[in-house]
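Naming follows writing order (A, B, C, D and E), and every chain is counted from residue 1.
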Amino acid sequence: MSLAPFVTALALPLLLALALIWPQARSLVWRMMPFAPLPALALALLGDLPMHAQADWMILGLQFGLDEISRLFVIFTGLLWCAAGASARHWMRHDARATSFGVMFLMAQTGNLGLLLALDAASFYAFFAPMSFASYGLVLHSRTPQAQGAARLYIGFVVLGELALFAGLALAVAQAGSFHVADLRATALSDPAVALMMIGLCVKLGIMPLHFWLPPAHGAAPVPASAVLSGAMIKAGLFGMITLLPLGGVTYADHGTVMMAAGMVTIFAALLLGVQQTSPKAVLGYSSVSQMGILALGLGAGLMVPQAWVAILPVLVFLAAHHALAKGALFLGTGAFAAQTGPAAKLAVTLALLLPAFVLAGLPASSGALGKEALKTAFNAGSPVWLPWLTVALSLSGVATTLLMARYVAMIWLHPPGAPAKVTQEAVLLPFLALVGASLALPLVWVAVAGTLAAPISQAAPGALWPVALGVAMAAGVAIHAHAQRIGPAVFLAQITAPGRALALRADSILAAKRRAARRLAHAMPKAIGETAMRWRLGQTAIAGLIALTLLLEAGGSLRGEAAMPPAAQPGAAHPPGHMLPPYFEP
Amino acid sequence: MMDAPLLPLFILLTSLLAAPVLFSLPERAARLRTGINLGMAGLKVALVAWLSLKVSQGVIYDLRFELLPGLEFKLQADPLAILFIALSAVLWLITTIYSVGYLEHGPHRARFFGFFSLCVAATVGIALSGNLFTFLLFYELLTLATYPLVIHRGTAEALRAGRIYLIYTLAGGLVLLLGTLGLWVLAGTTDFVPGGVLAYVVAVNPLAAQLLFVVLIGALGVKAALFPFHVWLPIAMVAPAPVSALLHAVAVVKAGAFGIMRVVYEVFGIETAQALGVTAPLAVLAGVTIIYGSLKAITQDDIKKRLAYSTVSQVSYITLGVALASPLAAVGALAHLIHQGLMKITMFMVAGNLAEGLGVKRVSQMDGVGRAMPGSMLAFTLAALGMIGLPPLAGFVSKWYLAQGGLEAGQAWVIELLLGSSLLNAIYFMPMLHRAWFRDAAPETTGAPGRPRIGWMLAVPPAATAALVLIAGGFANAPFSPLEWTRFIVAIEYQE
Amino acid sequence: MADPLMIFDILLALSIVALATASLSVRDQFTMIVLFIIFGLLSALAWVRLSAPDVALAEAAIGTGVTGALLLKTLHHLRFVSGSRNRQPMTGVAPLPPVPLGVTLANAAFCGLITLGLAAGFLGAPAAGPGFDMLVAEAMPTSGVAHPVTGVLLNFRAYDTLMEVVVLLAAVVAVWQIERGLSEAPAPVMGVVWQGFARLALPAIVVVGTYLLWGGAEAPGGAFQGGAVLAAMGLLLLLTRAYVPQPGHRGIARWAFVLGTGVFALVALLVAGGGRVAFEYPLEHAKTLILLIEGMVTISIAVTLAALFHGREPVALTTGGRHDT
Amino acid sequence: MSVDLSPITLAIFVPLFGAIMAFLLPRAASVIGLATLALTTGAVIWLARAVLTGGAVVLPLGGWGAPLGIDLRADGLSVAMLGLTCAVGFLVSVAALDSLKGAQQARQRQYFWPLWLLLLTGMNGVYLGTDIFNLYVMIEVIALAAVGLTVLSGSRAAVQAGLEYMYASILGALLFLMGVGFIYLQLGRLDFAGLTGAEPTGALIAALALMFVGLALKTALFPLHFWLPAAHANATAPASALLSGLVVKAALYIVLRLAQYMPFPSETLLTLVGLMGAGAVIWGGIQALRAERLKLLVAWSTVAQIGLIFVAFARAGEVGLPESWKAAALLILAHGIAKAAMFLAAGRIKDEIGHDVIRDLDRSPIRPTLAQFTFALAAISLIGLPPSLGFIGKWSLMEGAMAAGYWHWVAVTMAGTLMSVAYFSRVFAGFLRFDRVRAPVGEHQGWALADAAPLTLALAAIGLGLLAAPILGFIEIGYPFGVAP
Amino acid sequence: MTPDLIYGLTGIAVFGIGLVGALCALDRLRRVLALKLCSVGAGFLLVVGAWRAPPGVPDPVPHALVITGIVVMVSATAVALALIRRLQTLEAEDER
């Protein structure tokens, strides 16, 4: 197969990035920004699977290809990049450092798409690293002290991760004797190799305790960048594990245990940390961490029980897509919210934001819930020891996410994120809404897109409402508590009871009036009826009416009786026992 | 010794026949009335003693009289009946003495003592009922006989209380009628049989049986003041003190609790009821009532109302013990039937004495009353400590068995419930004792010292019942003590 | 071809219905009563046509004659009481409040439905149903009378007849009770001619009445018809003031009222014995006993009907009259 | 010639002769009346013994036998009704001695006895009759005598009520007569036996409709009750007791009999009957709740109770009809006794206090304790609390309804019970409240002879509940409803 | 069209007319009269029945019944009229 489509797919963003350096081309490039991932998308959507192309000449022998899994990754990642690009075009229009942003953005895009298409370890790494480092620029973009701190942290972790990944890959390749990922997957890699790769990839994925960089970075980056950081790029970690590790073939019980434990800790620790954040985007960041914990659970289970991997894998892909779309929508929505000026518009955006928020939290029948249910089902194939815990953890993660989302919604109002001065409101709104729609439609579309891999999703139960409901209730409780703390409990008590008291007073008076009225009515009604009946002499009418009614009833009854029972029926059957002839009358 | 198969009937008639005689005596014939009252009460105690002896020897009393085809008026004296009958007979005697003193110059005495007798007759009838139908007859009679006692004072407030009482209890009676009919239609009999009569119905139509249980317990729960049907009880406190004492210690609430026992043990049968899954909700309801009653009691300032809510709480111990479906809990429940009666009647009589002698009707007025009326307050103190559950008083014994029963049934929460309830008991009784003994008297309650404030007829009865509280607890394991008798009954009901 | 008799039947039936309607719908009460009397007479005629002369006689004499007289007397009283002798009181002294038209229409509609239903039931009944005639024919020889209707009245269903007399007795007791102490409207003024007529008519009426009574055994007639005719005599006497009831006559009046009932009941009771039950007259005495009963009953009926016409018990009146005296 | 008196004839003729004598000898009317009642009661007891030993007694009057002649027949049910009538009648008569003793009531006394004895004749005739035309004559006897009793007091309200009663009575009787005509047209005979087994043709349906509504009108079944409250409330006390306790039962009894012999009270008609009964229970209860005068309250309670009897009648549907009559019969007996007691007691209270305005009962310093007690006892039976006869009746009613799965009738009964508690407790509050009296209250000064009769009745209403089984057993003698034991 | 049919229907019509009157009439006298019409209607029915029973000789029993009915009705009418008279007098006295 020709290499050309792959090259096109990767070259377009790369070339656009390069073109930005040329000032005359900038306007065109920015206009092209949303369309940069299109070749890759087209490749994934239209190409025949499996695809494979080789360019031995590049790096250490570049190999590109697409299989069912990576195709799906390309699709949702590409979509997200489109939306983010569309958003970035307006977001950055009047930004002083727009060019640098554009370059970094496109570079990261190239890396991201490239690693998805790469089929050998070297090229994977080769795309992985630029993506990570380009993102540094995105994080640092605003140059505020906060951004600088976040970027410092980020780059530290990136370096650590890259080192580990590199070492791991190195070992793995050595053991496998091949660069090809398929070979890596087919080899029983040694524990350290797997461990090192896992560390490297987990940094990207934000699994605790390697998550520290993630929330500040996502908080600091501009909105479109956050969206891709959180939605697309961290999935590279997942993709890396899926594609590099010999999952489904070899048992790594210790790794799996650690992974799973880390995942579980991640889910809830991220909640605890997240609810303390005041920046809405940081809250979203923690939510991402928390969500990645779920993925870690799946990965851990796959490491521990290889035979379960077949069931788990499609679900993980689905969850990745779900998170990418929903989280991307939330980040873009944050921007859209910040761009709005009127309270009504803000309220409307908030309402729209609630949709992906609930999807993320796992409202029944949404992609979040379906994914979790499917994951539970998949876990059934795994270790029975962990199963109850996993199930509980998954359910509770719904609660946790709901709480985080509540915190997020509260925070976008209390600490509104900043927005560029002259951003076009509709323009940033559209990509957001598109992602919301995509996120909502995901369960439906997935079947069409993923083919056989969609089976666990389409068979999943719609999920339970209680985690979300519980989360909402807890959030409400927390909100009330916070409010009470702020204004003092006594005042708060007075405040909350005031409408109740007023209502009770009103209700009392209304009820009393109603009761009086009812009593009056109860007294007056029989009197009125009685007197009317007397005055109109309805009793007389009743006489005639009753005769007529009896005539009708009996005539109708005898007609029916005749129809139902032929006259030949035995007298005993025709008449109930009460109508038997009394002995006295018997002849 | 002479054998008298009609003995239960005689016991019933001692008070039933006294009633019309007392009604017909003119208002002024006070001496004669007192004589008849005390004579009949004494006679009844003697007859009951004889009856208990015979029953403990294994004599079976069973009187039947057909009212409708297959439907019998049936009196039977089984140990459970004896338990209740003995309580009412003894307390009737004591309360009669008390009420003679209490109403010495009051109006409507003919009416009062007539209905008082009827009320006791109804209680005895309830105890002796051999089937639910007979039970229903006396249950309704009890309602009717107590109504005039509740409204005895004839004030607007008393009439209002009476109306509420009547609405609750008659509606309860009507529902009981429905339940009895349901039982009759479903099971074809309404007899009380240890082990129950509904096993077949439960097997065939469990829903109907569950419904029947709800209807019957709901109906009986009205008199047993089970939450949320307890509303009438505190309101009915407008009645004169002896009425409150007898009604709320013995007759009305105990009739309800006794009925619940009969229904659970001898209509459904404890095993059947358990299989039906209805005992656990009942236990929970009883637990709720226990806590609710105690909490409400804490907030009452009126002494009688506080005692009334305490009754709401305490009577549910009996229901709880029945519902726990363990023999030990049953022992506790049955013993509490007696013990609570003794303790509560003491407290009500003392409350009446305080009102009569000192005009004290509220807890906040109780400062220093211990010095003004030491005897009465000593009795009150004993009863209150018993309620809280201090050993060796009667209340301790029943609570102990209830707790043991809870463990036996695997319901550990009962222990926490009992501890909580005891704590709450302490919270509402201790301040009363503290005020009575450790505070200085308010000027209006200290009159001329040395002069007895109440006659002996008011002073002796609470002292007697307080002594019984002490004895019932202290000699709980002696033969013929309530506890021993209770074990005897439980062995029958659990068919061991 | 139309049978002339049938045309007569149809015309008669139509006039009966028309008169019934008219008498209820005419506004003036006097006209109403007069129309009713004509209606009653035509009904009697119809019953003659249906071979029921006894019934026709009774209807004409009692159902129409006495009832009409009672109605007229009451109307007179009402007009006197309401002080509107010459005006036309439409609905009496204290008329009932009017009823909404809808209710009246509903009443009428229901009645129409009922009439239709009854007509349907009637049309569905057997055209020649079983009757008592065979039984009566069998029993007649032992009844003591020759006329079947009289046989039924005084023998086969004598119990009914006794109770019927009891009804009359109850009526007169009730009327006396109701009207006690009621001041009376002056009797309608009867002209001299009427008084003369009355004197002349009286003996004739007595003869006719007795004849009816006697003839009842063999031919149409009997105690009730005879009694009614005799009562007519009483009415005339009362109307012409030829006889004015006095307090002193009460005793005899009471005896007269109960005479029929008493004798009838006594005979009925006393014949029992020797295997016979009450009302079972010994065959040999049947005719005598029946005649005795009939005679006594006739007297009672006559006096009772006259008393019913007169109304109140003859007592010394006090003013006011509302209260018991 | 030896006269062979049969108790069955005596039960009718003794009151008839008594009425004649009482009418002829006004001054001795009371004595004659009491003696007559005693004798009639004796005759009924004689008859009851005969029935008890030999089953149903039949007397073909005139020796002809039905269908040509008229039969009198006494079975358990008729004797029970006769017993009710005589016993209640006797006690009411005793009470009447007292309540009509004043000089003011000389005229009332003079007419009370003949009318009452004629009424008794009529009622006994109804209970013994087996011929539907004869029943028509009998209900007319009852109607005239009853109207005479209604207006005994002579007040304008009483006369007005009496006139309405008269119209209703005549119309009811005429509807019945028309029904008789249709039955003759179809069957050619008029005795009960002729009705059994007849096919439901148009004429018989017409007869059924006419007779049912006619009797419902006479027994004041809702919504044909319009005449009753005023008539019963405005009559003098003994008359009210008779009217409410006994007279309405005559028509009820005929309904009970016809339901057996008329071959087709279909399920729908029974439901209609039950609905009318339910309406009576509810409407009677509501009106009793708002009645301002004691006697009016009691009269409305009669409306409700009659409704209950009809509910009892319909309780188990067409299939249960052979059993339903027992509940109805028990309720009839219970209501007859208790209501007579209650009206007498109400009359006593009114006489003593001077008025019967419920709201002001508690203002009176005079408390006729025994009458109040009687009232309460009667109320217990009417409410249907154990062990009264009313309770047993209600028990049978609800048992049948429940067994047949007719929960709506159970609900109606319970609603009716609650309402009766509500309206009677209004009265009790008036009896038992003392804080509105200024003067010292005079209560319970000992026995008064005038209270003896109502008290006896009330105690009987309560106590007879204990004898329900023998009563039921007796009622079934002669298989009035063709049910073999 | 036989006479029994004609007069039977006449009787029913008269009964119906009487019923309307009895239910609707406001004036007391007219109500009594309407009731009397009803009774005549019932009489018609019985007489027709008698005529029908066997062709030729009519059945005497219904005749007797009708005669009884007529007498009963006149008694009832008399009582009703007495009540009306009494009531009118009382009302007139009250008005005065």
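We take it that a contact is a pair of C-beta atoms (placed from the backbone, for glycine too) under 8 Å apart; a residue touches a chain by one contact, two chains touch by 3 or more.
Small disclaimer: the values here were computed from a predicted structure and weren't measured.
**Q** If we look at chain B and chain C, which chains touch each of them?
**A** D
**Q** Looking at C-alpha means, what's the farthest chain from chain A?
**A** Chain centre farthest from chain A's centre: C.
**Q** Farthest chain from chain B, comparing Cα centres?
**A** C
**Q** When A-D is set beside C-E, which has more C-beta pairs in contact?
**A** Between the chain pairs A-D and C-E, C-E carries more contacts.
**Q** Relative to the centroid of every protein C-alpha atom displayed, which chain's own C-alpha centroid is closest?
**A** D
**Q** Return the distance between the CA-based centres of chain A and chain E, expressed in whole Å.
**A** 90
**Q** Round to the nearest whole Å and give the separation of the Cα centres of chain B and chain E.
**A** 68
**Q** Would you kindly tell me how far, in whole Å, the mean C-alpha position of chain E lies from that of chain D?
**A** 28
**Q** How many Å are there between the centre of chain C and the centre of chain D, using C-alpha atoms for each centre?
**A** About 30 Å, centre to centre.
**Q** Among all residues of chain A, which ones touch two or more of the remaining chains?
**A** In chain A, the residues touching two or more other chains are 537-538, 540-541, 543-544, 547, 551, 555.
**Q** Using the touch rule from the top of the page, what residues of chain D touch 2 or more other chains?
**A** Expected reply: 68, 133, 137, 140, 144, 147-148, 151, 154, 159, 162, 171, 178, 182, 184-185, 188, 202, 205-206, 209-210.
**Q** Tell me, which residues of chain C touch at least two other chains?
**A** As it turns out, chain C has residues touching two or more other chains at 96, 99, 107, 111, 114, 117-118, 122-123, 129-132, 136, 156-157, 160, 164, 167, 170-171, 174, 178, 322.
**Q** What are all the chain pairs that meet the touch criterion?
**A** Between chains, contact exists in these pairs: A-C, A-D, A-E, B-D, C-D, C-E, D-E.
**Q** Please give the residue numbers of chain A that touch chain D in the complex, ascending.
**A** 523, 526-527, 530, 533-534, 537-539, 542-543, 546-547, 549-551, 553-558, 561, 567, 571, 575-585
**Q** Which residues, counting only chain C, touch chain A once they are in their complex?
**A** 96-97, 99-100, 103, 106-107, 110-111, 113-114, 117
**Q** Which residues of chain E touch chain D once you look at their complex with the stated criterion?
**A** 15, 22, 28, 31, 35, 38-39, 41-42, 45-46, 48-49, 52-53, 61-62, 65, 68-69, 72-73, 75-76, 79-80, 83-84, 86-87, 90-91, 94
**Q** For chain C, which residues count as touching chain D in their complex?
**A** 117-118, 120-126, 129-132, 135-136, 139, 155-160, 163-164, 166-167, 169-171, 173-174, 176-178, 180-181, 254-255, 257-258, 261-262, 265, 268-270, 272-281, 322-325
**Q** Which of the residues in chain A come into contact with chain C in the complex?
**A** Chain A reaches chain C through residues 535-538, 540-541, 544-545, 547-548, 551-552, 555.
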